[in-house]
């Protein structure tokens, strides 16, 4: 019977402790810095255009094929304002299909895509989760504002091994 | 994605056996001599390839031989090499703590080989699963009902030549 | 055990009860067809496959980096352990070395994951036995672990953090302090559950001597992990064949005596304590250095096949990887621990009550995502 | 019977019905809040201040819900079952006094009447289980039958002890006879037996075997939805309240409290309600702590432990009455037997942690761990 009494004491003691839950829709659990929410596209404030060039690398590496991108010639480049020769024309992420793995961020060579802190998926229609370019950029801008995101210095964005190991691996084997 | 960048002459992974594996490699040919096994090695394990009809006798032998005592069927799977299906048994011994791979090839048209459920009860679901996905028939299995797929499923989805149904976005 | 035989006393009719796939205590979409005589189970037929997603087949069509995400979703309660086993398989095949620091981070996170998984088990097992409070306590503590994961990996469940050749990124700066605080809280929480559930007489009456399986049968069924260790077989890959840096830590393997449901439960509770010991040691020993061996994005391991074993919270997981030198594996086969553990359900449930069936099934701690793959 | 009397009776009945409904709503809120706090949650928060209106919202939802019906259901029995459960639970309130003279009919055989009526609701549970054409419901129904019928016996025997002490079956007299000392002190054994048997009668944790959610998915009620399910729910909570009220009336002195004159009805009601709610909180507390017993364990507890203990209780009470011992000797005897019973039970179930009750740590020899 001792065990049973101990159990009663445990629940009794817990009764006087502070609840650990949150009143969810009104109160949110604090989100950690590294939290990976939906992927969003970043906005280059210097040139006032997206970082994304529509190079499709994220599209190819996405495990669920939830993205699609179309590239176009950059009009700002023709005007000489931007260094990007190509720019993204349309971009769509099906957030209902995205698994938030972060592979697109890893493979992106232009710092164009980031995992934001946004994570609430409830929509009124299934198709509402297909997010297009303006919406993604808007989400990106609010993430930029919220987290103080800065593009990485150019050298670090592209890891060396990408070009190096082809021969190294060959030699190894 | 389609399989691009496929190299014709891919390098072979180096074999790197541990002490127990090397000991097994020396031990096995003697024990299994009557079955004329092909003894080789995968990257980290000794592998023995035998004829499919020999599988139960070989299994009984390796299970009951005190030097091997493979009493634990770790994993049973089928690999579709297109020209043949390979049934792969990973055997483990809880006493000796060593492991080996037993392989048997069967033809893809009429794949069948004797069941090992009488030796290791745990082969039950593995064999049913292999039957589901690859169509390998294990003779002597008590209940070959579909396990993972529903009754009446057409085709063997595990095989390489199985055509995946078109995925439709809603 | 009570004498359950009613033969020769009453004329009874067997009734077929379909337990699952939608039943609160089948832990997902597992279905058992029970033939019961009153409350006694005479015969049963387990059915799985309701969650069969063909993960193994999917792996054949994905790049190696993408497969990690699939492994996350196989056993969705011990994701990091699953990621680790696949990454280790590829590394073994390629002969890729992993930096020390990455190994330590992996071990810490995997053990933390083990604690989280076992905590969830303790809670759900309480629910199976009819106690509704332990799961709340378990979730309270598990939530803290999830927050820790969130801080390190960026995700709460599907991390995709352990990469081939290391881990995605270094841990945050305040990792050790936070871990220290977390472990303290966890210890307290586990002790609380111990008091509330483990030694409650009602719980003991419900689980002691229920679902007994002897070591030999368990091995024949291929059971592994805590379920096998409860029968007194000290089989643990972390000790038998120490992978990663597990040989550097001092920890014990809890083993049970009788192989009943309570042993299976308490082995897991003890295992949490041992895991926390490992984490503490690993935190102390953790060296500085890089966290990933750089490798190309499109990996092309050499031709060959490899079988790698690892210790999951549920038992021994194995990955059999066949590569033909392409950028995608030729065949991936997972040895799912709960698949093998679940196989013994027929043996365990014979001649028990329906109420016991729930407890026994709970004590096996199955995850259907892994059973069906 | 005059028209006025009839009118008063009808008013009283409606008053009891309304009062009970309000009490049930408060109990639902209390249970959710109390369990929530025990589990470090907040409980209902959104509807009304502190979620006070949550049970009202629930009730509205249940009433507005579509009543789903399986095609194989035996309709008549199916619809009658909720009534068969509800009516007896309501009927017993005819004779339960909430304060001095505040009772609809002060029956001389009050206790007898209550017990006779409360047994009836078992019929409702069994028919509900049978009529649902669901195997889980059938299992639940039979569990309910076995459990409730066998736990009537210790319950009745425990009540018998009190009736003997009070030398009356009239609840008001039972309460009045406790004006010097409450029967909980005279007969602790009886209180414990009554409380345990009462929990089993209610089907509350650790005896929630017939609605066991993890086994038979809600038992007899599994096929019910909407308003019909709500009736079962209502009955369950009224029963909880009734058992708690009976505990208070029989063992805890009802509306009596030292220093408070029981003659004032309002004050008496207040004392009675506070005591009853405290007992109910204990019921909730137990619910938040314990796992569930198995049906055979429950039966053996009932027949092998509670019934003999209850008989012993009757015997010692009778001896006390016959030989005219002093009250404290009965109380001591009762305590001693209770202690012995608890000691015997824990001896049988063994308390932990003993070496036998923990798992061992296996640490392999260093050379074994390094090999390979």
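Each chain gets a letter, A, B, C and D, in the order it is written, and its residues are counted from 1.
By our rule, a contact is a pair of C-beta atoms (placed from the backbone, for glycine too) under 8 Å apart; a residue touches a chain by one contact, two chains touch by 3 or more.
In this text, all values refer to a predicted model and were calculated from it rather than measured experimentally.
S.K.: Computing the C-alpha centre of each chain, which chain sits at the greatest distance from subunit D?
M.R.: Between subunit D and every other chain, the largest centroid distance is to B.
S.K.: Higher C-beta contact count, A-C or B-C?
M.R.: B-C
S.K.: Would you identify the chain whose C-alpha centroid lies closest to the centroid of all protein C-alpha atoms displayed?
M.R.: So the chain sitting closest to the middle is C.
S.K.: Where the centres are mean C-alpha positions, what is the separation of subunit A from subunit C, in Å?
M.R.: Taking the mean C-alpha position of each chain, the two centres sit 29 Å apart.
S.K.: When the C-alpha atoms of subunit B and subunit D are each averaged to a single point, how far apart are the two points in Å?
M.R.: That pair's centroid distance is 59 Å.
S.K.: Rounded to a whole Å, what is the gap between the Cα centroids of subunit B and subunit C?
M.R.: Computed value for the inter-centroid distance: 24 Å.
S.K.: Using the average of all C-alpha atoms in each chain as its centre, how far is it in Å between subunit C and subunit D?
M.R.: It comes to 40 Å between the two C-alpha centres.
S.K.: Enumerate the residues of subunit D that touch no fewer than two other chains.
M.R.: Only 38-41, 288-290, 345-346, 349, 351-352, 372 qualify.
S.K.: Hunt down the residues of subunit A that sit against at least two other chains at once, touch-wise.
M.R.: Within subunit A, residues 1, 3-4, 7, 10-11, 14, 20, 173 contact more than one other chain.
S.K.: Among all residues of subunit C, which ones touch two or more of the remaining chains?
M.R.: 63, 95, 133, 137, 140, 196-197, 199-204, 240-241, 300, 302
S.K.: Mind pulling up the subunit B residues that touch subunit C in the complex?
M.R.: Residues 1, 3-7, 10-14, 16, 42-45, 71-75, 77, 79-80, 88, 90, 94, 97, 99, 101, 120-122, 124-125, 133, 146-150, 157-158, 160, 162.
S.K.: Across the complex, what residues on subunit C touch subunit B?
M.R.: Residues 48-49, 52, 54, 56-57, 60-61, 63, 92-95, 217, 219-223, 233, 235, 240-241, 298, 300-309, 316, 318, 320, 322-328, 330-331, 333, 335, 339-340, 343, 347, 372-373.
S.K.: Can you name the residues of subunit D that touch subunit A in the complex?
M.R.: Going by the criterion above, the answer is residues 34, 36-42, 45-46, 285-286, 288-290, 342, 345-346, 349, 351-352.
S.K.: Hey, which residues of subunit C end up touching subunit A in the complex?
M.R.: 62-63, 65-66, 68-70, 72-73, 95, 133, 137, 140, 143, 147, 150-155, 158, 160, 168, 172, 192, 195-197, 199-204, 294-297, 300, 302
S.K.: Under the definition above, what is the set of subunit C residues touching subunit D in their complex?
M.R.: Answer in residue numbers: 2, 15-18, 23-25, 39, 126-133, 136-137, 140, 196-206, 230, 234, 239-242, 247, 252-257, 263, 266-267, 270, 274, 353-356, 358.
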